[in-house]
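One chain, chain A, links the two complexes that follow: it is found with chain B in the first and with chain C in the second.
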Partner chain A sequence: MIRYIIKRAASAVPVLLGISVIAFALGLLTPGDPARMALDRDGMSEITQEMLDAKREELGLNDPAPVQYGRWLWRVMHGDFGTSYSDHVSVGGELLRRLPVTLQLTFCSVLLVIVFGISGGILAAAHAGKTLDNILKVLTNLMLSFPSFWMAILLVIVFAENLKILPTSGAGSVRHLILPSAALASVNIAMTQRLMRSSMLTEFGKQYVLVANAKGIRRWQVLFAHAFPNAVIPVVTMIGNYIGGILGGSFIIENVFSLPGIGSYALAAIHARDYPVIQGYVLVTGTTFVAVSLLVDLVCAGINPRMRLGGKML
Partner chain B sequence: MKKRQWIPGAVGLAVLLLIITASILAPWIAPYAPNEINMAEGLQGPGGKHLLGTDLLGRDLFSRILYGGRSSMLLALLATLLSMLFGLIVGTMAGYFGGWCDYMLTVCTNIFQGLPGTSLMVAIAGIMGPSFRSLMIALVLTSWTGFSRIVRTEALKYREENFVEGLRSLGESHLSIIWLHIIPNMLGNVMVLFTTRIGRCLLSISGLSYLGLGIQPPDPDWSVMLSDAQMHFRSAPHLVLVPGVCMVLLLFSINLIGDTLRDWLDRQNREAGGYL
Partner chain C sequence: MPEAILEMKNVTKSFGKRRSVRVLDHADFALEQNRITALMGVSGSGKSTLARLLLMLDTCDEGEILYRGRPVNMAKRRESLAFHRRVQYISQRPESFFDPMYRLRSSVMEAARIHRLEPAKASDRLSQLLEQVKINEAVLDRYPYQVSGGEIQRVALCRALLPEPDVLILDECTSMLDVSVQAQILNLLRDLQKEWNLTYLFIAHDIEVVRWFTDRAVLLSEGKIREMNLHNADGSLFGCG
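Let's look at the complex of A and B:
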């Protein structure tokens, strides 16, 4: 197990480096002169060439790119993401302040995905080929066809505008999170449900289920005590992968519901061409995603020893 | 496969063809120019002079709907084709040649697969500004790994087959083995992935367009129309509902086709396995 942990953690390093290179390149490739941007914030209208040169030297912009990258990475690892061009607030602090909102939203969505995706999948598998299975099939297909923002708008129209049981926007309570997380989760619920269904059906085809049935064990017991624990493992791995998508999808949903998370921060930054913020967003979401998938893989390996031996890991 | 099982796919195909034909023929069908502003006739309901009513600026909704799917469909098609091409090249190289080449390419694929798609899109839209080109790059960068993974597994499988060894010993070149024997064999799986990916691509594009990072106004686009009309939902619900329904129909038809293809392929594989 320890060998597996080390191997798996080591494989995350190049991905993290890749993310950091992309985030750094973002700052390098952007049009506009960072020195000028940094000077502009003081509100001085006249920027002389000497001031620009001095600032460039101060910010280290004259050094070759790899040196700049190293220095930038060092700063970032110490939590210094620079300051925003538009409001001159520390990006790291602002991200940290907004991160809980995004994480709450992500957490609620993942919870919905686990609960509805897995139970729906079991239900469909238990009724495979029958009416309920077909209804669920059409339903998941529809859920996969709704862009999340459109789902969000419809949910707001139904539950907030017409039924008036849930708030339309804002943050603060669990009630505020219900609609956004439902909209964010719907595509992933559908995907999880399908996966769970086919995974259950695969287990149904195996001999131990046949034996359990032949022994006269109750149907629901075969379903939950025998087939389910085996069927759920690949689904857990996939849900781990979906978390990245959910985290990214919160970028859209936060903006629809005006939730003050890092996604809405990043969108405002894109419109304002506020690069340090975009850099910070890419780094934070990327790192979270890598950390989550690492964690999920380790948990799965803990449950299922076969995964540790698998030659699939490079 | 029984006839009944083809029905969803056939329905999907019919709807998809209808949407595509309507979009292609838009310049001839549309009663008004999609960007023709007529302030005097703003926010009209469906019926009367304008079939589906008008938006805030008095633009004809029906004409805009006809034009509104074009950019995103074209973009999704091109981006998915390019991802497929890229994935095919990388996947076959990794799977067929194996060894050192495989190792390097797989590490590369893992890195790209580890990158969260939306963050990457945000990053690219952030650097290059929202445009057709930056969307394209973002979509291809985030979706080629799916193809290369499948293709690699398939190529790996065929590499060990006797017929490949036989062809090699008959003096067939690697390129022609790959082109004439390996790629045709994996086409089924790749097609299924293609339909799934094109749907996901459309979802990404619509999300970005909704936020103003995708298709740019004044180009008519369903998502942009939706986000523009959202504020006027009470006074003009048709402005929100019609583009949304179009989007869902398009995606739903693609999903139906993908499902039917997958079922068909599963059956084929099972039957093929039966002879062994």
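Let's look at the complex of A and C:
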């Protein structure tokens, strides 16, 4: 198990490096001259060639790209993401201020995916072919066919404007997070539910479930003590993958609900071609995703004895 | 007339949309007490379905299953529990016979827990059974994937015998094993049958094995069950040999 952890953690390093290279390259591809951008704060003063050359030297823009990358990576690892082109505020500080909002949103969405996706899948499997299964099938079909922003608008119309039980926008309390996280989670809940259902049905077909039934164990005990632990392993892995999508999809939802997270920050930055901000966003979400998949893989390995104890037959 | 311990009367079972595939068609069949009865039939003829019906894990479309001459009311927990204690099952596929998430010991002892066997007595009996099937106790601390097919079948036997059953339903329980291991298990099964006065339903499709193992066999084909004469029967009848 320890060897597995080390191997798995080591495999995350090249991915992180890849993300950082992409983020850095994004900065290199910037149209316009960073030195000029840095000097041209107010857009009024005259910029001379000497000033530009000096600034270039100061920012290290004359060095070869790998040297620049190394220096940049060093700064980034110390939390210095540079300053925004548009408001000249430190990108690192702003990301740090906004990150909790996005993480809360993601966390709530993932929670909804886990709770409703898994329990819905179990229910559907337990009633396979019956009415409840068919109802859930129609429901998941609907959820899969609505994109998240559409779902967001629908939820706002129903729960905020008609029923007036939840706020339409803003942040600050759990109530503010309910609609956005539901909108964000909806597609993933449906996908998780389907996967959980088919995974449960696969387990139902296995001999040990038949044997457990033949022992005289109650039906719900067979379901939860035997079929569920086996069926949930592939589902946990998939939810781990969905987290990337949820994190990435959050910028649409943050915008719809005016949540001050890193997604809406990045979206504004894309409009303004504010590359340091986009760089920072790519780095932060990429790193979060890598960390989460690492965690999910370790959890899966932890619950599966075959992974935990090594795959070899004795 | 030998006493029937488990029997099916006029049973019909179909699968598929609008029950179009009829696997059993008004079939009658009785397991005689303390005897080995072999059930033969080509693959897909419905042997495992019949086993599931006898184990009360599936319901008949028509007809009924009698245990010791009486129908079992599965809706009553006490009755169904008592039935599941006395009629045990061993399957074809050793690799998925035990839940992969649990150590063998907890799968084996689960039956003792469900049937409220006294823990001390149950573990005594388990040790005795393990000795009989020649399995080291330490094997029980492993997970199913860490044990060979032959060992799994031996542990499965201990598992089945732990709650003191009357009937064992053996569904092609040796077909996935090597020939030498197969012979060991069959010998073991025969010894156990004598020692514990068990009744076997031995599902198989190898006529030589059946001939060696027992003197009574029935054939399931086209939904009906009829007695076979093992002396004249021709092995080639069963395609898969």
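Basically, the second predicted complex is superposed on the first by the 302 of 314 C-alpha atoms of A that agree within 3 Å, B and C clash if a C-alpha of one lies under 4 Å from a C-alpha of the other, contacts with A are read in each partner's own complex, and residues count from 1 in each chain.
Criterion: a contact is a pair of C-beta atoms (placed from the backbone, for glycine too) under 8 Å apart; a residue touches a chain by one contact, two chains touch by 3 or more.
Note that this is a predicted model, so its numbers are computed, not measured.
Taken together in the superposed arrangement on chain A, chain B and chain C fit without clashing. In the superposed model, A:Tyr281 lies in contact with chain B only, and not with chain C. Of the two partner chains placed around the shared chain by superposition, neither chain B nor chain C is touched by A:Phe107. After the superposition on chain A, the angle chain B-chain A-chain C between C-alpha centres rounds to 80°, nearest 10.
When the two complexes are overlaid on their common chain A, residue A:Phe159 makes contact with neither chain B nor chain C. Between chain B and chain C, more residues of chain A are touched by B.
Contacts of A:Val211 after superposition on the shared chain: chain C is touched, whereas chain B is not.
Once chain A of one complex is fitted onto chain A of the other, the partner contacts of A:Ile252 are limited to chain B, with no touch recorded for chain C.
After superposing the two complexes on chain A, the shortest C-alpha to C-alpha distance between chain B and chain C comes to 8 Å. Counting contacts by the rule stated earlier, residues 314 of chain A appear in both its interface with chain B and its interface with chain C.
Residues 206-208, 210-217, 226, 229-230, 303-306, 309, 313-314 of chain A are the ones that touch chain C when the two sit in their complex.
Partner chain A is touched in their complex by these residues of chain B: 103, 106-107, 110-112, 114-123, 125-127, 199, 203, 206-207, 210-213, 223, 226-227, 230, 233, 240, 244, 247-248, 251-252, 255-256, 259. Across the complex, chain B is touched by residues 11-12, 14-15, 18-19, 22-23, 25-26, 29-30, 137, 141-142, 144-150, 153-154, 157, 161, 187, 244-245, 247-249, 251-252, 255, 266-267, 269-271, 273, 275, 278, 281-282, 285-286, 289-290, 293, 314 of chain A.
The part of chain C that touches chain A in the complex is made up of residues 52, 55, 57, 80-81, 83-85, 87-89, 91-93, 96-101, 107, 110-111, 114-115, 142-143, 145-148.
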